[in-house]
Amino acid sequence: MNITIKMSGHVLFPSLGAPPDLGAYASAVRDVRELGNRPFVVVGGGEPARFYIKTARRYGADESTCDQVGITVANLNAAIFAEALGEDACPFVPRDFDELGRALATGKIVVMGGLQPGQSTNAVACVLAERSRSELLINTTTVDGIYSSDPKADPSARRFESISAADVARVLEHLGSRAGEYDLLDPVALKLIQRSKITTRIIDGREPTNIVRAARGEAVGTAIIP
Amino acid sequence: MNITIKMSGHVLFPSLGAPPDLGAYASAVRDVRELGNRPFVVVGGGEPARFYIKTARRYGADESTCDQVGITVANLNAAIFAEALGEDACPFVPRDFDELGRALATGKIVVMGGLQPGQSTNAVACVLAERSRSELLINTTTVDGIYSSDPKADPSARRFESISAADVARVLEHLGSRAGEYDLLDPVALKLIQRSKITTRIIDGREPTNIVRAARGEAVGTAIIP
Amino acid sequence: MNITIKMSGHVLFPSLGAPPDLGAYASAVRDVRELGNRPFVVVGGGEPARFYIKTARRYGADESTCDQVGITVANLNAAIFAEALGEDACPFVPRDFDELGRALATGKIVVMGGLQPGQSTNAVACVLAERSRSELLINTTTVDGIYSSDPKADPSARRFESISAADVARVLEHLGSRAGEYDLLDPVALKLIQRSKITTRIIDGREPTNIVRAARGEAVGTAIIP
Amino acid sequence: MNITIKMSGHVLFPSLGAPPDLGAYASAVRDVRELGNRPFVVVGGGEPARFYIKTARRYGADESTCDQVGITVANLNAAIFAEALGEDACPFVPRDFDELGRALATGKIVVMGGLQPGQSTNAVACVLAERSRSELLINTTTVDGIYSSDPKADPSARRFESISAADVARVLEHLGSRAGEYDLLDPVALKLIQRSKITTRIIDGREPTNIVRAARGEAVGTAIIP
Amino acid sequence: MNITIKMSGHVLFPSLGAPPDLGAYASAVRDVRELGNRPFVVVGGGEPARFYIKTARRYGADESTCDQVGITVANLNAAIFAEALGEDACPFVPRDFDELGRALATGKIVVMGGLQPGQSTNAVACVLAERSRSELLINTTTVDGIYSSDPKADPSARRFESISAADVARVLEHLGSRAGEYDLLDPVALKLIQRSKITTRIIDGREPTNIVRAARGEAVGTAIIP
Amino acid sequence: MNITIKMSGHVLFPSLGAPPDLGAYASAVRDVRELGNRPFVVVGGGEPARFYIKTARRYGADESTCDQVGITVANLNAAIFAEALGEDACPFVPRDFDELGRALATGKIVVMGGLQPGQSTNAVACVLAERSRSELLINTTTVDGIYSSDPKADPSARRFESISAADVARVLEHLGSRAGEYDLLDPVALKLIQRSKITTRIIDGREPTNIVRAARGEAVGTAIIP
């Protein structure tokens, strides 16, 4: 089975205080492959992106330019993660759809970052999932799934085991401005999941083994049924 | 004032039966400039895109590849429209954010098409509006504004003169699957308008002079207040 | 045997009224491969190119720009035809000679469109035939071979079974301005065939099985002996 | 008046024995400009191209690859000639039609070499003449015009002061295999001249001042009337 | 006078704890221009580069790949510094020598980062100085000039007001492995300074006004006389 | 074992009087592979580069532009040498570090020329050696090793069988301006060898079999121990 894994930048690069520990994540991706799957990876910008975007914004950069800064960082993070995968990774990070075709032709694990301003790395993960004909999209985040309400504020919030894509839209809207904090799925990513009917699992990426469990089909996190 | 004009592909290239009449639209863009503004243009895919996407889908292309086909057509439409603008247009269609920087540096009217799969040309128009620091985004469509309900089905539907971006989201959701037919604004475009606070006017592009009227600040179509 | 197949744009994309039927042509190319050959494909611009070129010319585009428009369409047609070939096709359309080297390195069926203004897709087919060391160039057209005179005007016109490249030049000149209608071989393509001594077969591409027959060495259409 | 000047590689780079004298040619191009014209330049491959092509062919390179080698050398020659023009030249040699658009946007003297295999630098000069809307194409060669027959073999050969494009085709054919030695105009270049109706003057480039005389409208060499 | 300014990454981006203060440096560059000079800027990788290189090395990246990571970060730093310069900066960071030609053609302040592995940003500054025909290269560091011995270890160390390039080589060698800590000039940069005879001033960049003083010809830091 | 071979341009392209004999060198590289190694090749500019650089300098080109001219020639030489290797060579010459990744992914013999101004092809060979994780770098020159003093001037000069990298620096400095004539190793190449601890053998490349002997571990030329 082809599986696209979105590695949250905040999971892989959570801090600038010390070089991140990518080894466990590289192992998880290799484990996914050893289960007989073909994995594809998208890496977000995380803390380094936040550092640079803050600086750019301070000097008057427009929002699209800030996005572009974040994309450059995500591409760099992707290149670094490809190093952690070593020989198993495609030796270049595709930066547009044409290059993606060439990357897929190598037969190696393709690792991407961002594409263009106005498009989140979550949306890029959906594009890669579509192009690679992935049947499963594993979305690592810093929460352990989608909740009925904000679990920090509402003790009665419960995690969905599975939820339809249409319902996710409603829940995200309900969470309002908080959605950003969850960094779950933006509307465009959701629309892409729906159009291509890709089963998506939102998992807590802070525990790398969750990735392997999701690939095995275990009921970890929340499954979005398209 | 910097003004970004989204030329709907369905307005510029409405049919494959005969070469389209682009002259009136090129004149409108020049008129916008002669009013003392700096115009920027994004062109959609229209009927030629539909023709090619239908063909690609017939042979099993995934959705992202179909998007890419549409982007290629939109870029070609943009190049053709730049011909109609002649010496006033930047002599190349920027295909990524880096090239956009070079295009802006020419001081000419930049004409763009699409960027990457998973991103509509409406979203590209927002990116161009942000990067060019446009204060107004004129969005030509094949309807004359945003309605409270579907005017074809509901005789009591009324057109908004102005509406907040938040309310647009609600109206679009309410119109449900019909939204696609209107080809107004997808969620990601709406989000971009909101983050950069760009006043957006939805006009009926089938009448080219509406573009000039919108640039003049006339109350044509519907204004979205960010 | 390496075989380059020029797919006439007018054969593959004969009309804009409905999405074209590419399936039979994709099957023919696969059949050529199953006979033990390595096929390479060049696709022309056809009706969509005519539509766009007419539009560009209407707004004053110079002839080289019109060529470039036709090349863009031919490249798009090539990408669509590659979709019809699916996994058997190289996942990108090479747009210059360097990219052609990378495409050949994939071992897949390379599908090309045009290269640069002032050069027909027939000439591109010769370049691809040379670079891929093809021994046979199959040129699909909308006539069933080369005739001694215009068969529409002259009932005594007879089709050559084979003809030398030098004689083709004479016949084409004789047919004068009519040559364009036949869309057979322009002088530069003819010169390339001669310099690299590539046997070329002009066939009626409206019947896809003619491609397989030509690859089998059957006496279909007209053979040009270099 | 926009004027495209084809600098024969054999005129600019006639030998590998010593660095060539480009100064007089750079002066001639500047003089053309000071007459109130906008010059554009295409440079051929000359002796260095011959050296490399011979080497490539010796190791089994196919003809298209040999063309590509010649193009690379012509582009290098163009870059060197741009150095001789100094600040007046566009600071990069456009290598495809898109880059040509960017080069023209600089307002400087654009210097080009070759584009793609199967296309002579004479044809490139026609493409540049079309795209730059040149009214005159000055073609420097190592003969002083077009003759009724081979002047070396036939003492009665006479030089045409002017000749129609159609007649050139006939004369070139008549000269047969000898045409190559003259390096005048290949069939595709001739066809491009005809389609865009660009007056072309064939001059002896070994005398640099002939370029200025041709730009002045003097009856030097042979004029081809489209 | 054309002046190339090497902005040490450690001066501009000294820490990851907070977004850096680039404003004073952008002002200094603008001041240099207002004195009637044309400034060119190269930005190093600084702390963000160190963070990423450490991470890459941890996962076994070879030294050239580590260099490439540092180059990517330096290019990003350059893009951010260009934002701080706003409209005065060339809107793209040239990534190779061809793009540098296009950047120079804009007439704006060109801001570069790195080029290729095995080449420091100090060497890139020399390349930019040569290509832009700069007469002065201002090299900001975190020390206030070149000393006869290590000032931290040897109280009798004295700062040179000026020194010949040949003597710098000797001093750097004498300082031995310590040279790295000073981040002054690597051997290749020194060789480039010598071959093009560019006067170079090593200044303490932690005080931005030193840049303007150096441009004014004041005796700040140490001058290297080629 | 991965082995990088630096082919001196002066060895491969020693003269412009006649096409060079590359066949014996291609055989040597193939022999290195048949011994069970994976060879990588870097080709210098040689006499053709000298011809063009002299011309460029004559017309006022700055030193970095002269370097760029030399790089273009080295890349062309590399493409020609790849022709001599035929199907065994990667079908394109990587021109930057990203393309190098793609070239390595082909599994074929990668042949490179130069990268960027300010960087010798010796330094490029070190970059390729690092990136390809070569354990041995064979550096062909026109002398048979490193001598204690200039063997032409000093009859008592003796060739080192092996020498430490640190000692090479001292010897090169001692030979002073003569170093250039030896074309052995510039300081930056030496530094790269040291940082990546790549054993390097300086051999007389005028005898092609020396390359195979060096690959076999024979004591030919001088070994530099990092």
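Labels for the chains are A, B, C, D, E and F, by order of writing; each one numbers its residues from 1.
Criterion: contacts are C-beta pairs under 8 Å (C-beta built on N, C-alpha and C of every residue); 3 or more make two chains touch, one makes a residue touch a chain.
All values reported here derive from a predicted model rather than from experimental measurement.
Taken over every residue number at the interface, the positions common to chain A and chain F amount to under half, indicating a different-residue contact. The greater number of contacting C-beta pairs, out of the two interfaces A-B and A-C, is seen for A-B. Farthest chain from chain F, judged by C-alpha centroids: B. Taking the mean of the C-alpha atoms as each chain's centre, chain B and chain C sit 37 Å apart. Distance between chain B and chain D, defined via averaged C-alpha coordinates, is recorded as 44 Å.
Centre-to-centre, using mean CA coordinates, chain B is 54 Å away from chain F. In chain A, the residues that touch at least two other chains are 65, 102. Two chains count as a pair here when they touch; such pairs are A-B, A-C, A-E, A-F, B-C, B-D, B-E, C-D, C-F, D-E, D-F, E-F.
Chain contact summary for the complex, chain E toward chain F: residues 62-65, 67-68, 96-97, 115-119, 123-124, 126-127, 130-131, 133, 186-188, 191-192, 195-196.
Chain C meets chain A in the complex at residues 90-92, 102, 106, 108. Interface residues of chain B, counted against chain E in their complex, comprise 98, 101-102, 104-105.
Remark: chain C residues 16-17, 19-20, 22-23, 26, 48, 51-52, 54-56, 58-61, 65, 69, 72-73, 76, 79-80, 83-84, 86 touch chain B in the complex.
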